[in-house]
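Once you scroll down, you'll see the structures, which are given as structure tokens.
Note that subunit A is present in both complexes that follow, paired respectively with subunit B and with subunit C.
Entry: the complex of A and B
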């Protein structure tokens, strides 16, 4: 599934349902459901179209740090500021530490 | 000259014939002599499997690696026939069994089959069931009719691959009925990061086992749920953390930081550090070989899998080193160990206590 097959004007992206229940890996060369692919297919179109979305984080088997850092920290390396990302994306999870982790990756990427 | 009697003449002829035969035998070429009949032992080497397939205790570690090393040398490198004798094997522990399983699969992948290997099955019923359940007996061309029935055997689950696709791993973890969701997610985190390491670092060079296999990749996983704990083990047969870590810091400004970390941790300015010390330093330095700050959190993910889990244990074996992390009474304890022999790769084992009463 990619962004063109979902309605990008919707306000939610559910990683587990819209991308994969088993996200893993950093780069496209790592495997099929990696962070680089998720960023390219789902996050970049949102930022480019100036939408505001909520990303549902809970419906997956879990996340590795490589996936999260490349998906979200990688946005900064592509040229988006943390302020732009924060404006565009709100996260939802029953685990607040997961959201904190993602926010940390975005801030760290800006400092690199 | 006295004439010989008939008896003397016959005795003389017999003696002459005997001397003639001896003489001919001395001058006869070796390859014309009659050879003894070939027995089964002359066409295949018999390789005795150890009693215990386990890697943490030094005595078991040594024996298992000697066995695996001989198997690899004889079959993969020399292409000789081997009969693996499991008759004395009494115990199959997750870590040792996974390494053996992985090595067998690697040999099979490289040679295209395991036709060079057969086995003498184990006498121990449980070991037989484990080997059958894992498919090892079939791999070794043994069509034992044994049916795995023991609960502590059939709950071994396996997954393997060459890329970072955690679908099967995630399914296995989610199927563990006694594993709470939050712990399942943490284990998934650890295993998926170990898998990512395989894609990116583990096979960056040739494995130093003499087989010289170019361009290989692969990972293998076991999951075993028992009454009071769950064990998840992940294995790659790459170059090992002690090899990839020096490549991380070589020739850049972090090299001095790394030396400081090693001196701080181990209290001396050594020229060479052991594999166990290098694994510990790899966790401490939080970096991968690309030296970028946003990389290299994978090893920490492995610790996170057992964080806040009373009684949780993480073991990382890589080449000759071992790192042990235990969480008892909320205080983590760390230890390192070194062995004489290398596993030529990395094996990570998570062990989490689980509640007997949890229903998921």
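Entry: the complex of A and C
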């Protein structure tokens, strides 16, 4: 099977609806809907199964940067490259600063 | 005679158009200035909340307020400035730096540590807020030199 015949499915993840309206914190000890949990339950399976997803960021009460850094920068620390992440994940938000922030965490984690 | 009258009326109409146009510019300037002043007060409010949170009062309620203010509420206010023709493109990067200064470290964490006003975390909050605030003033000054 060559690359062009790999089944790539596209799904959407709405953080506010599928995970929590109130995401908060990095780790389990910080709260029930933390960045580590979101990464493990939603992002890692997508990257492992060659899916492409669009993540809707706008339907939550707001993000702390610690949640965003752990969820997305944490992917790089687990061994995924920024190129892999960029290919698999598209972000949607009315707020360009949010997408810029996440992209910075992914690149920073790669440089660390 | 008729030509003179026509010229007079044309001058009156032309004069009125110029005065009206200048009035509109002044009114729009006042509206944008008013919106910008509200934005600056809002940034002050967030700064106060952020310092409160990090120096003595790390409650879930305050964390929630800060996230709400630093995300949707701030973005909505920025959108209003954009609708009113202020160039805010460069402000988005500074907005995220401000949000990052408040919520990346020592925030929503079980390992919270009380900061003093001289700690780098607090200084960074003040600096990033000032940068954002100043960027709005620069955009305004460019629009209305």
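Annotations
Here, the second predicted complex is superposed on the first by the 102 of 112 C-alpha atoms of A that agree within 3 Å, B and C clash if a C-alpha of one lies under 4 Å from a C-alpha of the other, contacts with A are read in each partner's own complex, and residues count from 1 in each chain.
Keep this in mind: contacts are C-beta pairs under 8 Å (C-beta built on N, C-alpha and C of every residue); 3 or more make two chains touch, one makes a residue touch a chain.
Note that the coordinates shown come from a computational prediction; the quantities given were computed from them, not determined experimentally.
Because the two structures share subunit A, they can be overlaid on it, and in that overlay subunit B clashes with subunit C. With both structures placed on the common chain, the touch criterion links A:30 to subunit B and to subunit C. When both complexes are overlaid on chain A, the residue A:73 reaches subunit B alone and has no touch with subunit C. By the touch criterion stated above, A:21 is placed in contact with subunit B alone, subunit C being left untouched.
In the superposition on chain A, A:100 contacts subunit C only, with no contact to subunit B. By the touch criterion stated above, A:82 is placed in contact with neither subunit B nor subunit C. Of the two partner chains, subunit B and subunit C are each touched by A:65. Put simply, of the subunit C stretches 5-13, 23-31, 77-85 or 113-121, the part that bumps into subunit B is 113-121.
Subunit A residues 22, 24-27, 29-31, 61-67, 69, 95 lie at the interface with subunit B in one structure and with subunit C in the other.
Residue ranges on subunit B touching subunit A, taken from their complex, read 163-167, 169-171, 173-174, 182, 184-189, 192-193, 195-196, 199-200, 292-295, 297-298, 300-301. If you check the complex, the residues on subunit A that touch subunit B are 21-27, 29-34, 61-67, 69, 73, 77, 95, 105, 108-109, 112. Residue ranges on subunit A touching subunit C, taken from their complex, read 22, 24-27, 29-31, 60-67, 69, 94-98, 100-101, 104.
The touching residues of subunit C, when paired with subunit A in their complex, are 63-64, 66-72, 75, 92-93, 95-96, 99-100, 102-105, 107-111.
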